[in-house]
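Naming follows writing order (A, B and C), and every chain is counted from residue 1.
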Amino acid sequence: MTTIDTSAYTEATAKPEPRHVALSHLSVEVGHFYMEDLADGDERIRTQFRKVLPWLEATRTALAADLDGVVKPRLSTCFLIDDYFRTDTSPDEIVDRLLGIADEFGITIDYLAREAGCFEADRVPLAELTAAMLLPEPPVGTTGARPPVQDSGWLCNGERAPDTNSGNQAMMPVTDWEPPVEFGKRNHSIFLDVELWKDRTERVDGRLVERRQWSCPFLASVWQLLRLGALRYEGEPVAQPQRWTGDSWPKRWSDLPAVVQLTQNPAPFAAYRTTSILPQSYLGIEHAVRVILDHLDIDKSVTDKTVERALREGVRLPEQLSSRVSHIFVEAPVAGARW
Amino acid sequence: MIIGEVRTGLLRNSLPLPRQAVVDLLSLRPGRQVVATDRPINRTVSPDSIVGVDCTLATEPQAKARGIGTVVTHAVVVGGAVLQSSSRTRLEWVDYRERKAWTHYTHRRGVVDVLGNPPPVQVVNGSKRSSHQRDTLDLGAMCQRMLMLVQGRPQLDYKPGLRTQPTQLRWNATARKGARPAVHLHIDDESRRTVDVVVPPELLGEASRFCEDLALHDWLYTALGNVVEQAERDMAAGTDPMKLLGSALTLLVRLWMPGAHVDSALRPLWADLEDVPGFSQSWHRNVAWIRDQISMSTLTAWQDARTF
Amino acid sequence: MLVFASSDKGGTGRSVTSCNIAFHLAQRLDVAYLDFDFGSPTSGAIFEIPRAERGVEREGLHTYFTDGITDPRRLDVWRQTTRQDLRGSNVRAGRLAFFPGDKGGAEFGTTREIQQRCVELFTRLDSEFDVVVVDLSAGRSAALTMALMATAQPSMRGVTARWLVFHRWTHQHIVAANGLVYGDRGLLAVGKSAGHDQDTLLDAIRFVRVAVPNLREHNPGQTAAQATWLHACDEELRKLAVDNRLGRSRILGTTPVEPVLQWREQIIAESDVSAKIANAGTVKSFRELSVRLTDDAVWEGM
């Protein structure tokens, strides 16, 4: 908090430190389903949970071993449903069926989250908030003279192949093609260029409006940030889990909170670390998530406090958010492309 | 050591903006707070925006110097009328040679690591070069971009109440143990200034606010001087300068408060500047001149009315 | 206020006339003059600034647009010109800042970034100068399109923009000037697609007739038949101008044929007139143009 301080007068000029959220040791994602996966009978869901179960047990064991009996392990499970790219199903057809199948395998799901909630939760524009934190890595020779390319809606882990000639003066010599280069590569590059969003013009009530469609990897990054308890809006925690108090599930996904608490007394939703158990086809998305997480200007007062708190419990946390995120990829069928 | 640049100009709005409108104007990053102070005069600061850089640092005489890290920029609005944008970065000398993983830099916002071990004075001198050297760190560009971003925001009516020339002030602050704070202001030309500040290490963080305050007052001083000149030109040409003088009075005059927003430990620096070149004295003379012109014109108008 | 100088044809006198207008405006106002004739940046020669005769070595407007420098080079005409009589002309004159192009600079394609930089340059200079004169390339150029697009931006809506179309007093020039404003891909059509209101834009356009021969002046070398023929031509052109919507009410002014300018592109100062080298009428016409340019009554909607 900064103050103007003269002998006779002080004025608080900023709000207090960001508020904390409760944190587990580990948040385990036991699935990320698209409407196509859910609409098409129970078999696909069943396969997923069958594959997940042994790994879920393994993460529990591993966590207990890591903590070495010093503190009681706090592990919560969660599940993400994509209602951002398709909304044409209804929670009252799906949620109980899903939970029933999980139950068959003895898997408890503590929290159910909606992908559209990673776009906006409780009126807070989470995706926009995260986009404003992007801090792209500069290629060698970046002086700050030109605007960073983040406005373009793409983010990469290296330097793109130079653009040939657009916006140049006429009659300039033509340059040869050069390959893109990954930053910090040793010998060869694994260059990844991620589309974060797409802006399109749509007609709404006869008027043209610009709408930004966020990409699946981008929303998945917001999802990781939520699970790591790293997002704040003007210092306040966002998308906090809420219980669903209705007698039955609603007809529309958007009537549900972004994160719904399903069990009585679960460990906190957010955690020091996250593990996601996903079908193999999510590998690309999660690689992209990692690139995004490594290029964010995260509120330092939040992350520092988390590291300190963990240390007080005897847990050593890496400063880098992406190092707190791990994955287990299982062989499970999915219905079509993931993004 | 910190290097920075402050660009100061008038908001493109016909009247001073009220407090809440300024807060909206400077809400440039969703979720990050705008900080407003109300006394003795409203000063509102936008959240920092951050840009990554990796380039040569200008040096004088030339030495090998590469800077990798981030530069922070924020916008400041004073009295709802004057807009400043301020870019700065702390330079830290390091002995590694290869760029590290990007997260090494993102964790230290507003710090640029200096590779190649150039002598610090050469880096300071380089940052003060009169023309920006191509392909070197460009604080001015980041500053100007922030300025234009704010000037294009929908909270404004895009009609500046006065035409004024913006100024650019480049500054550097060096930490020296046990040093008494000291400042040197150099006027390069009509619109450009350079400032050297020396402070004890614990006050290094306060230097940027001092330089923003100095830039504000230097700009006010310059702008009012230009207004007086323009008014004299109008009077010589038989044009009525009252509208111009009136705008200057409403927009600029009440903003003069050297040191008001500066840490008390650095306020003595203002006292030094008041000795030479003696800002406030000539400021008040110009203000008095403007007031005289306005009251004389009112008097004449009143007498004319009586003779009818 | 932004003033755009355009013409359909090259060599109409667009640059020379607008430089002279800027010179007169600067006697009482702060004026910027931008060389947007990117294919051939030569206005420096008219102000007689040797180091910018064909553009500057570096950091001119080309570099500003294509290389992303922040502050394009600006030259103080009063200080940089080699013409002594311009320098000392008026102790109370306003600023006259000349923004040259780059030596060897060429036309460039417009990207979004370049478009944005154009908006920034205009807004910056409009907050700083009373009048910003922009000399565009001849014809339907990229510079003209860029200017039309920039001025249509929401953040420019508080900025007054006026458009001058220069043409010579000949049949071809009149038809061409009509085409540039009213024709396909003309100022109005492009302006409309960029987001301008067409009527408002039309109200902000005026024609300038350059180097119009004075037929009333006695010319001893002329036969009666020639004189009659010339008058008939002039009358015909007048009709043609009206038919092409370039008539009286749409013109900002006219400049006479000036012998000095037939030989040399330059500023015509009072000193040239008192030295009996240039005609008083020429200076008067430039001064009138500069007065009418900033007189709101002249620009009220028609």
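Keep this in mind: contacts are C-beta pairs under 8 Å (C-beta built on N, C-alpha and C of every residue); 3 or more make two chains touch, one makes a residue touch a chain.
Because the structure is a prediction, the values reported are computed rather than measured.
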item: Arrangement of touching chains [line / ring / star / complete / other]; value: complete
item: Taking each chain's C-alpha mean as its centre, the one farthest from subunit A; value: C
item: Chain closest to the middle, measuring from C-alpha centroids that were averaged per chain; value: B
item: Chains most often in contact, by C-beta pairs; value: A-B
item: Distance between chain centroids, defined by C-alpha means - subunit A, subunit B (Å); value: 39
item: Whole-Å gap between the CA centroids of subunit A and subunit C; value: 56
item: Centroid spacing, where centroids are CA-atom means, of subunit B and subunit C in whole angstrom; value: 35
item: Subunit C, residues touching no fewer than two other chains; value: 68-70
item: Per-residue overlap in subunit B, given as positions that touch at least 2 other chains; value: 138, 141
item: For subunit A, residues contacting two or more additional chains; value: 145-147
item: Subunit C partner contacts - residues on subunit A that touch it in the complex; value: 145-147, 166-171
item: Partner subunit C, residues of subunit B touching it in the complex; value: 9-10, 12, 131-132, 134, 138, 140-141, 144, 148, 151-152, 154, 157-160, 163-166, 230, 232-234, 236-237, 239
item: Sites on subunit C touched by subunit A in the complex; value: 62, 66, 68-70, 105-111, 113-114
item: Residue ranges of subunit C touching subunit B (in the complex, touch as defined); value: 28, 30, 59, 68-71, 92-94, 119-120, 123-124, 127-130, 154-159
item: Residue ranges of subunit B in contact with subunit A within the complex; value: 29-33, 35-39, 50-55, 70-71, 87, 99-103, 106-107, 109, 135-139, 141-142, 145, 261, 263-264
